[in-house]
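Scrolling down, you'll hit the structures one after another.
First chain A sits with chain B, and in the next complex the same chain sits with chain C.
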Partner chain A sequence: MATPNCLRCLLVRPSVAARLPAARQMITAAAPFSTTANSRAAGGPQQGKGKKAPKPPVKGKQMNLSAFKKKRDVDKSKPPLPGERKAYRKRILLSNNNALPVPGLQDVNAESMLQTSNSGKVLSLPDAVVDQLRAVEAFKPTQCWGVFRKPSMLVRAETVELMQKMQKAADSQQALRLVVTGDRITGKSMLLLQAMTHAYLNDWVVINVPEAQELTTACTEYAPIPNNPTQYMQQNYVLKMIQAIRKANEKLFSRLTTVHQHPDLPQHVPVSSPLLQLANSAKEADGAWAVFHALWQELTTKGYGRPPILFALDGVAHIMKMSDYRSPAFEQIHSFDLALVRLFADCLGGNVQLPNGGAVLASTSRNNSPRTPSLELALLQREAEQNKTEVPKKDPFFRGYDERVDAVLKSVQVLRLDRVSKAEARAVMEYWAASGVLRATVDEATVSEKWTLGGNGVLGEMERAALLTMRL
Partner chain B sequence: MASMKQGSIALRPLCQGLRGQQRQPVDRLFQALRLDAPAESRRSLSTVPESTQLGAIRAAPEIDLKSLADLRLVPHARPVPVSPSYFSRQPRFNDSYLTLQSLMRDYGNLPTIPSSQVERIAWKTLVDFRQTIGEQVKASEYVKCIELVKRLHQIHPELKPDVVKQALDAFKREVQSFSNVPNPIPIDRFGRALGVGRRKASTARAWVVEGTGEVQINGKSLADAFGRVHDRESAMWALRATGRIDKYNVWALVEGGGTTGQAEALTLAIAKALMAHEPALKPALRRAGCVTRDPRRVERKKHGHVKARKMPAWVKR
Partner chain C sequence: MPPRLNTLTAVCRNLTIRSRPLAQWPAQPCIAVAAPRTITTTPSQTRNQNKPNVKELSRTTKRWSSTTSSSEGQLETTSAENEAALSQLQMVAYGLNPFDVSVEGHKYGLPELPIPSEMHMKHRYNPVVDQITRLLMQDGKLSKAQRDMAIILNYLRTSPPPKLNPARPLLPGAPPASHLPLDPVLYLTLAIDSVAPLIRVRALKGMAGGGFSLDVPVPLAARQRRRIAFQWILDVVNKKKSKGSGRTMFPHRVAEEIVAVVEGRSGVWDKRQQLHKAGTTARANLNSPNLRRKRKSF
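Let's look at the complex of A and B:
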C-alpha cells in the first residue's frame, strides 16, 4: 500500500514537521502513554544541572517484596571451640559465693560417719578431701554443689551403715564387696562419694571409676595385653587413672615404698623407692598398664604398712555385659575381658583378695544404663537372701543371662538406698534454708510437702521440687 | 298470656337451636368462654355428626313445657366469661398472678423460714413460662410474679397449705436440677474414701485415707508417676491448698490421656475424696479450684483449617 505522503517527508525537518498534522507527529516521537496533560507526559520542563532528577512518575500500587523480607541478625561472634560446650556442660562448681555460709556446719572427720549420732546431720567436706575427691572425679556434674557455699552432705542412716561395714572390713583385713542400688536420684553416687570421703579421711587408697561406660562403650583406646592376648588393656584410661590416684594419694604414696622388682616398667624403679616414683613413671600411655599392674601389686602386698584400698565404680550395669569393643576377629569382647574391668570384677566377686582389707563398691545407675538381666536378677536374689525372704528364680525360658556375671555377683552384698526419712529431709531443708537457697520457713508442713512432692522422700526429687524450680 | 310470652322469649334460643340453625345454647357459649377447661370445649375433628358417632339416632324427647316454665332465664342473656381477665391480653397469666396475690393476702402472715434454708427449686424461666401458657408475658411482670412465688415458697413447710403448694407447682420447672444431688461418698471400714475425677481424656480414682502423706499412683511414687514437678504439684493441689498433705495417704489409679490430664484428674479425685473426710473444706477447695470439673476437651478440627483454628499459609497463586 502506498503511503499518502512520501516517507522522506516523515524525516524530521522542522519546517516540514511543523506543518504536519498532530497525528503524524505522534508516530515519530516515542509516545509516552499518559492520562495526564501532554506537557507533563513528555517529561516536563528541563531541570538545571546539579539538581536532582525528578522521581519517575508513580505507576500505581506495586508490591515491595523487600518489605516482607526479615532482616537477618547475623551473629558475628565466634562459635565455641570444639569441646568447649561439653566442658561447660560437664564443669563442676563446688562453691557459690552468693550462698550464705551456714553457721555451725561441722567438717567431716575420720570417725564422724561411723557414729550413729551423726545420722541425719549435714556435714561439710574438708578442703583437702575436696581436692582429693575432685582428682578422682567423685563429684558429678548433675549434683548441685554449685548452689551452696561449701560442699556439704547429709549423713544418712545408710551412710553410717555402709561406713561401719567398711571400717569393720578394713579392721579385719577383709574386703567388703557391696553393690549400692536404688531408685533414680536417691543418692547412690553420693553414697560412693561419702565412702571415698571416709576412705581419704582414714588414709585409704582410693581407685575410682567414675563412669563405667567410659570403659566399655568403645570410646577409649584398647590393645591386647602383650603376654596375655585374651585380655585387653585400655592404656589412655589407665594413664589418666594413675595420674588421678597419684594426685589424690600423693602424701600417702610418698610415704610408702616399693617392695617388689618391676622389670616390665618403662622406667627402672628400684626396690624401696617411694610409690610416688612408681606412679610418676607412667608418663605415656604405652607403659601405663604395666605401671598400673605394678602399683596394684605393691598396694596389695600384705604388710609393709599398706593401707586398705577402696575400689569404687559407678554405673555397674555397663560392665555386666558384652562391651562395644571388638577382637581382631571382629567378635564382641566381653567386658570382663578388658583388664581393668576384669580386675574390678574379680575384686567384686572375691577372686582377688585385698590382703590389707578395704572395700569394693559398685553402684548401679539409672541414667543411660543398659538392661542387664543377670545383674538385675542377682541384686534381687542377694537382697532377698539378706532379708530372708523368698529368693526369686531365674526365668528358665530366658536366654539373656550371662554366666560370667552370675559368677561375679554370687556373693556380693546389696545395699538398697531408700527414701530419706522426714527427719533427714528436715535436716537437709534446714541446711538449704540456712544457705539462703530455700526461702520458705522450714516447718513440718513444708517438710512433708516437699517430702511428698519428692516422691516420698527421694532426695534428688526433693531437690528438684524445692531448689531447682524457679518459684520467686 | 304474660307467662306464655315470657316462656316464648326464654325458649327462643332453644327453639332456634332445635330448628337446626347455627346458634349454640347459652351454656355452650359460656363453656366456650371458660378459660380453665379447654378440654371440654375442644371440638371434635370428625366430619361425622356426634350423634351418629354415638350410635343409633334417637328422637329428642317431647318438650315438657311445664318444666320449662320453671326455668328463669334472663331475657337477653349475654354470655359472661368465667375469668375476669378474659378480655385482657394475657388472661392466664393475669389469673395466676391474681391467684398468687389472693394466696398472699390469705397466707402471707404465716411464719417463714430464712431463705438460705428453703428447699432450692428451679423456677420456670420467662421463656419456659411463656411457652407453657402461650402468652407473651412481659419480663418485668413475670419478675413480680416470681417474687410472689418465692415469698410464698418461703412459708414454713409444715404450715404451708395445699392450695399454696398446688399454685406453686405451676411455676416449677419440669426438670428439677437441684433435686439431682450426688450420692455422698462413703468412708469404708478401712477409713478410705474413693474419689473419682476426670480431665481431658484422663480418669483418676483416688483412695484417700488418714495417714502421713505417702502417695502412690499406679503403684509408683509421685516422682515416678509425674516427671514434671508442676504435675506433681497439681496432682497434690487439693491436699496442699488445704494444708493436709501430711494428714492423708493417697493411693490412686489413673488412666487415659497425657500427663497434664492425669495430674489434673487426680486433683479432682483427691479433692472429692478429701471432701468425704472433711465436708467443711468444700469452700476452701472451691477457692483453690479443685471442685469444678474442667469441661474443656480438644477442639475439633474444621475443614479448610489445618488444625482447629490454624489456617493454611497464604500463597500468592
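Let's look at the complex of A and C:
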C-alpha cells in the first residue's frame, strides 16, 4: 500500500517545519504532490455553466513548446514477460510440414554410423532420439532443421571415424578424449550431435554442456562448495543439467540402481534405489551440486551394468581461460575452479577416468569465442603430433599462455573437421532437392556451383548459398 | 564518337578467344584404357541440346575398343591420349557431348544464347524480389536487406499453407494455397500483386477553380503498383510489435504481414479499397472542362 505522504515530505527538517504557520502546514499535508500555488488551489473563482471563465492576465507573448512536441502513442499492450523475447529468438523448430517427405530416407540405428558404407549418406533421426537430443539441447537455433520434414543429417567420413573411435574406446572401457576443431560452420556442433545420437542409440549416458560460455561468463549463480572453498558450484545450472540428463536417460536410470550411500543429499536415497530417484531428489538449486556429485559417483562406479558416458561440451575456448566470476576477495576465478568445468577438464585431461568407458568430447566454436593462445597452440601441436609433422613451439616472448590449460590439453586427440567432398555435397543436395526445398536439378554443374560458392565445401556456407538465399 | 567505338569493337572481336580446333586433340578417344567412372547425371533442361548422342558414342567406343585391344600395353604408357580420353569421359559425365564443337575446351560448355536474364549479374534475382529488397533497405545497407529478404522467403516456406478468405480474392489464376509455401517467391509476388492498387489519385492544383485542386485517377505501372503496396505493408509492419528480439524480428514481422495479406486479415486491403473508392469518385472529374482545356493545349 502506498503511503499517503511522500517520503520526501518526511525529510523536511524539523526546524523548518516548526517555523511554518500551522494553517500552511495543514494544506501542505493535504496535497503533497500539488505544484499549484496554494492560494489558487485552495479556492479559485467558481465557473458558471454559461459564463466564460475570465481570462488570466496576459503576461506577454509566451512560447508554447508543447505545440511542437509530437504526440507519443502510448503502447497499452502488455509488455513481454522477462525471457519471453529471447525464448522466441532461440526456439528450435525441427520440422516443416510443407517440405516433402523424402522417399527411401532411412533412420539411423545403433550401428549405422559405424559403417564406412554409410559415409556420404543422409540418414534421419528416430523420434525417440530427437526427444532426447532436445532435452539436452543438442540442437542449435542456427542450424537449418526447420526447413525439412524430418531431422536428418549427413554421415560424413569424419563422423564414421569419430564413432568408430568412440565405440572402440567404449569396448575397451577407456575414455576417448578428443577435441573437435575446424573452420566456422563446417559442422562441429553437428558432429557433437551425431556423437550424442550414437551414444543414445547405444544406451550411453550423455552429459552435455551446450554452450560453455553459459558457465564462465558470470551469467549463472555460483557459490563456494561448503567443504571445499577453493571451488565453486553453479547450482542453478547444475539443477537444469540434472533435469535434462534425467529426462533424456529416463529409461536407463529407472533400470540402474544406486550402490553407494549418499549422506549429503537433500533427500535420503537408500542404497539400491533406482538412479531415477536419485536424479529426482534434485528439486531445488540448493542441493543440486550434491546430487550431481552423487550421480557422477554412481555412474562412474566400475561394473554394476553401468553404461559408458559421453561428456560433451561445445565452445571449449570459454573454459580455457579466466572466468568472469570473482572470488570474495574480488580476484578473478579461473574457469577450472568452477567445479563443473573442473570435472570436465579433468575428464578431458585424463585425470578423472571413466571406468566404464566412454568419450569426452569438446568442440571449439567460431562464434563469439575468446582468444585462448594456449588452446590454439595445443590444438596445433597435437594435430602436428598426430600427422607426424613439425610440432609448433611456444612463443618464448609471449606471456599469455596458461599452464593449467596446457596440462589439460597435453594428451588429447584432435579431430579437424574439414570441408565436405563433392560426393558428400551431392548427397546433401539430393536430399534438399527431394525435400522440395532446393528447386533445381542436382547435376554435376549445380553441385559444383554450390560447392564452390560454399567455400569449397563448407557445409554451412553451402546451406546459405542454396537454402537461405534470395535466389530460390 | 561512334566511329572510334566501332573500330574498338572490331578490334576486340578479333581478340576474342576462339575455341581450339578439334584437330588439336587426338581425334580418337581411348576409352578402353580410361578408368571406369560411375557418375549418375541428371541432365538439366537447359543443356538438353548439348546432350551426347549415346548411339554415336557407343559406336566409337566399340570401334576403339576393338582396335586398341591388341595394343593395350602400349596405350597405357601414352599419357596424353589417355588424359584426352579421361577428359572426354568427364564431359560425358557432365552431360555434354565431347565431340560437339561448341563444347570443346569448356568444362561446362558454352552458355545458351541469348543469355537468359538471370545469368546477368545485375538481373540475377527475380524482379519482384529485387524491388522489394531495395524497398526493405535502410541506410543503403543492401546486403542486410538481402539477408532480411532471405529470412522472409524462408519464413514463408516454413509457415503452414494460408487459409484463403473468399471475401478478399487474390489475383485470378492464383495456385491453390497448398502450393504457395514451397514457392515462396510466388507467395510473395501473389500477396503484393493482389493488394496492389490499380490507380493513384492525383490532385491537380487549382484545376477545380477557386483555388481548389482537382482529383483525377491515374493508372499505375506494375512496378509502381508493387511499390505502393509494399509501402503500405511496411507501414503496418513498422507499427507492429516484435514477438522476440534480435535481427530476425523485422523480417519475421514483414513475413507475418504478407501471410496476413494472403489470408485477408491485413488492414492493407482496406487501404486499397479506400483508394479505389476515391478513384471511382474522382473518375467524374476526368470530364472537367478545365482538364479538357489543358489536354487540348498539349
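Odds and ends about this structure:
Just so we're on the same page, the second predicted complex is superposed on the first by the 389 of 472 C-alpha atoms of A that agree within 3 Å, B and C clash if a C-alpha of one lies under 4 Å from a C-alpha of the other, contacts with A are read in each partner's own complex, and residues count from 1 in each chain.
Definition applied: a contact is a pair of C-beta atoms (placed from the backbone, for glycine too) under 8 Å apart; a residue touches a chain by one contact, two chains touch by 3 or more.
Keep in mind that what you see is a predicted model, and the values were worked out from it rather than measured.
Using the contact criterion defined above for the overlaid structures, shared-chain residue A:E250 touches neither chain B nor chain C, since it reaches no partner. Of the two partner chains placed by superposition, chain B and chain C are both touched by A:A445.
Contacts of A:D406 after superposition on the shared chain: neither chain B nor chain C is touched.
Of the two partner chains placed by superposition, A:D131 touches none, neither chain B nor chain C. By the document's definition of touching, both partners, chain B and chain C, reach A:T469.
With both structures placed on the common chain, the touch criterion links A:N97 to chain C but leaves chain B unconnected.
Of the two partner chains, chain B is the only one that A:E461 touches; chain C does not reach it.
Of the two partner chains placed around the shared chain by superposition, chain C is the only one that A:Y88 touches, whereas chain B remains out of contact. Of the two partners chain B and chain C, more residues of chain A are touched by C.
Shared interface residues of chain A, touching chain B in one complex and chain C in the other, are 444-445, 469. Listing the residues of chain B that touch chain A in their complex gives 212-215, 221-224, 229-230, 232-233, 236, 240, 243, 245-246. For chain A in complex with chain C, the residues that touch the partner chain are 75, 77, 80, 84-89, 93, 96-100, 146-147, 436-437, 439, 441-446, 467-472. The part of chain A that touches chain B in the complex is made up of residues 183-184, 444-445, 448-449, 451-456, 458, 461, 464-465, 469. Interface of chain C with chain A (complex): residues 39, 41-45, 47, 93-95, 108, 124-126, 129, 133, 146, 149-151, 153-154, 157-161, 181-185, 241-246, 248-249.
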